[in-house]
Amino acid sequence: MEVVNKKWPIEKLFAQREEILKTWETGNEVADIKKGIEYQKSIPKAKNFAKKLKEAKENKVTLVQPRAGVALVNEHIALLQFLQDEGGADLLPSTIDSYTRQNRYAEAQKGIEESVSSGRSLLNGFPAVNHGLENCRKVVESLKSPVQVRHGTPDARLLAEIALAAGFTDYEGGGISYNIPYAKDVSLEKTIYYWQYVDRLVGYYQENGVEINREPFGPLTGTLVPPSISHSVAILEAILAAEQGVMNLTLGYGQCGNLIQDVAAIQTLEELAEEYLVNNGHENRQLTTVFHQWMGGFPQDEAKAFGVISWGASAAALAKATKVIVKTPHEAMGIPTKEANAQGLRTTKQIINMLKDQTLPESKQLLLEKEMIKKETRAILDATYKIGEGDWAKGAIRAFESGIIDIPFAPSRFNAGRILPARDNDGAIRLLDSGDLPLTKEIQDFHNEKIAIRGKAEDRDPSFQMVIDDIYAIGKGFLVGRPS
Amino acid sequence: MEVVNKKWPIEKLFAQREEILKTWETGNEVADIKKGIEYQKSIPKAKNFAKKLKEAKENKVTLVQPRAGVALVNEHIALLQFLQDEGGADLLPSTIDSYTRQNRYAEAQKGIEESVSSGRSLLNGFPAVNHGLENCRKVVESLKSPVQVRHGTPDARLLAEIALAAGFTDYEGGGISYNIPYAKDVSLEKTIYYWQYVDRLVGYYQENGVEINREPFGPLTGTLVPPSISHSVAILEAILAAEQGVMNLTLGYGQCGNLIQDVAAIQTLEELAEEYLVNNGHENRQLTTVFHQWMGGFPQDEAKAFGVISWGASAAALAKATKVIVKTPHEAMGIPTKEANAQGLRTTKQIINMLKDQTLPESKQLLLEKEMIKKETRAILDATYKIGEGDWAKGAIRAFESGIIDIPFAPSRFNAGRILPARDNDGAIRLLDSGDLPLTKEIQDFHNEKIAIRGKAEDRDPSFQMVIDDIYAIGKGFLVGRPS
Amino acid sequence: MSSNTIVIGVIGADVHAVGNKILDYAFTQAGFKVVNIGVLASQEEFVKAAVETGAVAILVSSLYGHGEIDCRGLRDKCEEAGIGDILLYVGGNLVVGKKEWEPVKKTFLNMGFDRAYPPGTAPETSIEDLKNDLSQGE
Amino acid sequence: MSSNTIVIGVIGADVHAVGNKILDYAFTQAGFKVVNIGVLASQEEFVKAAVETGAVAILVSSLYGHGEIDCRGLRDKCEEAGIGDILLYVGGNLVVGKKEWEPVKKTFLNMGFDRAYPPGTAPETSIEDLKNDLSQGE
């Protein structure tokens, strides 16, 4: 299979979707794509994700969105209504369970049945494919705000067909961001191809007058990911999506914890994406940003967890991200109760509202951080384009093969796994080992120097132990994992 | 009575203390001042407030301290031990009840008795005078960390005698900051005189080798107080205390909510105080800072309150204040349970620890804010000195008479009450009406312009309604009280 | 009853002045003649001010948790002074600590208050209540 | 028993790789020979790896809340494969939602696990337990 970054003729989509819709019995419910488009057109503007994001961006407001999903339809609706009414969520999710993410619909069915018999959700999300079209529409219709599908599915074609026909107006994921952090054995050729299908489908809805928003998954493994890595993946997926006709994109970033780096990251993400999209012939795309509150380990104590959540909310607000994905005080314990989820939302919203008139002012440090992120990201993306001989899809595949792009702590065997990130003395994420990233000497020296300052402050040589200390640090109450 | 800023001969203190110790029966327990000094010298270094603050300042660490006090001794000890062990408080308080603050010891006694019979605290603090020397020593001895007396007492002479003899190593308050926001009918002549007694007493302990820390009460009325006002009072009280021999001073500031203004305030407070102390001949004083989390109205909802607390913790950490006084998720409901108090501490500490390696970098906005605070404070202090004909005590009294210093929303009839503060469009506190503050045209124009920008954004003329909206805003989830 | 004079103040050893100044402003704006005796006000000062000005209501604030001790006996003092049927309102943080509101309210109504308000009540609420209570008394 | 080989992996449809990489590092540092089958591992893969390498223990991680479904029957599969008395440990976020730990632990011990660990357990804890369990087996 050779995947290239070229818009699919619509016949290719239509031919393939016949096969896709057969992969589970609910597929035939969405066979007539016109009905999906018609249904989408009946959805009021206030419930369209792209439109609500547009308004927020214009008003420089940061919207709040939780993660949430349970096994059964009525319980799922009750959960989302609670987060909407008691949590004040501006945007709603339907987080999909892990069996569905691996296309194991039979196991998801077993999870649904056991959830019915045991009276509690035995799935960690909402199995949208198994529930089928009408149940999914019931979810969308029961809520006042736009709903997005959030998942982690390498092959999300059937899920996309059902979600779009059911009135979901935003779809998370991408051929890289839902593969490398979410799969072990699936090639990038395959997932980029699967996601071209999804993007072409979104593009077709768009051509028929329906605005669907797409969101590459920004935080990747959520563990000490340097901004230039996640930016590179986000921009690659934006280009791949735009080629297939996607007009509305939300690009994501997971909080690192150092305020200057976080603000610099959100600002450069939008600036760089705009630049690369326009340079690749994709004008007039609606670009928004999403800031993920700390994705790593949380403290067990709820009061401390509120502190972590709040610091994420503060950074999101000062960076003026278009939306923020919210954690809960139960984060360390697994999936939260609906009450805890609503608490995380209310804490976040209080801070967002208090800070809506404030930004982080320009400073020497902020400008330097932005400059370094831009240089690094351009180095990675330009090497990707080059190795792809001018094709972004081929470039992405080869860049992962050769370690030009390398995501720390990813489970996929298609990821080089040679880089090692660690915090510097101010808590910003740097490269302890840059593996085969195509970085100039200037950038390398910058990282080395930053890490060396920390090593000196801690009187130890940087090593994997430092990385482990950093991974556990926030759970123990600190950002930088210092020796005690 | 004419009060002047001149160090008391020790005989003056000794003569007066004979009278003071007679004002309640426990006074005679501390008659022999040498025994108090001896006892203080037996206290280990780790339990001395001034020494712990010194270490924190050197290490650029922000310490956390709660407010707490209940009617009965054992319950008070249990409360403080809980905050120390479960809350992780670095510094401990004994907050004094409101009857003791007004020297109404008989009513405090009634409160103690009713608390015993009803089984719950009917006082809002610890009545240290009534409990007397041995009980107070029991409090200090039951704890691992230094303990401070926090109150709001215009005439705190007897309380100071008992507290110092009992081993408390920090004493909050001052002749202005514990009068104007805490009394209605007590003249500044009287309270400055009373606090000269307290400071001379601390100075005497100091001369005998005992380090006691003093802390003027920074936030004043806690309601939209412009930094230049609270800075002027803090520096005045620092000069008055230093003259009586106080060597260790913690100057305070109550969070306004705009990050740049808050960081600028903490930085200028220390810089200005150092400058004025040295210029008045007081070298080598240990100057530290305390940042008070939001002192105004809180949201009722605990999750939202955690947001307000966290934003205060973030500002304290980024400003590198030496300590932060912590609010609790029960703030809107009155005095908190010990669990809620410990939660506020843990949330705060999580943030302080995460941010300990970060600061707010220098920016044009930060420099401007610092410059304006300095200009304003110097204008007020220099006019105070001038009207006092070179005497800071006389100057303070006359400055309040003439409105050169004016604290918004103060209950005292000795306060002019002519200024009106309001937030600007970024949430910083400005002057809507500067009353008789001795501000130059440049400063006036700065305030007027800032307020005008907000008025324009809200399409309304600035008025008292805007002030009221700002006072209620945080309780409703916002910093700036915009019309809805 | 044609007077629209009311007495407001903060009772006991309480010095919380901000809400007091806002109530003063809000009730004045709403057309009442406000006699504000300020903070640190004793029961005697409330009663004296009400008698001297012919007030139709006394609005007591207590923000520091000692409300229960401070307010006990205020109705008796009003009766002794010959204004036994004056309207008595109370509001603020009336008790120490976070408590269920209904029992607290009951305590204060049993003390002889006509209305008691929980923390965070907006001035508009009590203004409306007062207007209603006064028009019913006519 | 002289082997110090252990099998580690993340069971089911779970892709959480970070803890897996840290366990790999920590157990290797502690002197064990670690066979890491990675994320998305089936019961069959665990058993097969243990048989092939003569492992003395299988350490199962589950971070996504489906642990109860995914782990049921693992002990039976070990018995069928002739390694019925191999040590079985499990840890992570084993159930959906915040639950009391003791009942959860009991569920997994009843399934045939020798030890079960709550969220947030440090690698050192299980390393020490494993060393103890192995020395008692000698």
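By letter and in written order, the chains are A, B, C and D; residue numbering begins at 1 in each of them.
The criterion applied here is as follows: contacts are C-beta pairs under 8 Å (C-beta built on N, C-alpha and C of every residue); 3 or more make two chains touch, one makes a residue touch a chain.
These numbers were taken from a predicted model, which means no experiment stands behind them.
Ignoring chain A, split the rest of the assembly into groups that are still joined by touch.
B, C | D
From the centre of chain B, which chain's CA centre is farthest?
Using the mean of the C-alpha atoms as each chain's centre, the farthest one from chain B is D.
Taking each chain's centre as the mean of its CA atoms, how far is chain C from chain D in angstrom?
67
Averaging over Cα atoms per chain, report the distance between chain B and chain C in Å.
Centre-to-centre distance between chain B and chain C: 30 Å.
Just curious, how far off is chain B from chain A if you go by their C-alpha centres, in Å?
Comparing mean C-alpha positions, chain B is 45 Å from chain A.
Where the centres are mean C-alpha positions, what is the separation of chain A from chain C, in Å?
Chain centroid spacing, chain A to chain C, equals 55 Å.
State which pairs of chains touch, listing all of them.
Applying the touch rule to all chain pairs gives A-B, A-D, B-C.
In their shared complex, at which residues does chain D touch chain A?
On the chain D side, the touching residues are 10, 12-18, 20-22, 25-26, 38-40, 64-66, 68-69, 93, 95-99, 119-120, 122.
In the complex of these two chains, what residues of chain B are touching chain A?
Spelled out, the residues of chain B in touch with chain A are 257-260, 299, 301-304, 306-311, 313-314, 318, 342-351, 353-358, 361-366, 425-427, 474, 477-480.
Along chain A, where are the residues that touch chain D in the complex?
Where chain A meets chain D, its residues are 98-99, 101-102, 104, 107, 110-111, 114, 120-124, 152, 181-185, 221, 223, 297, 300, 330, 332-337, 340, 409-411, 464, 468, 471-472, 475.
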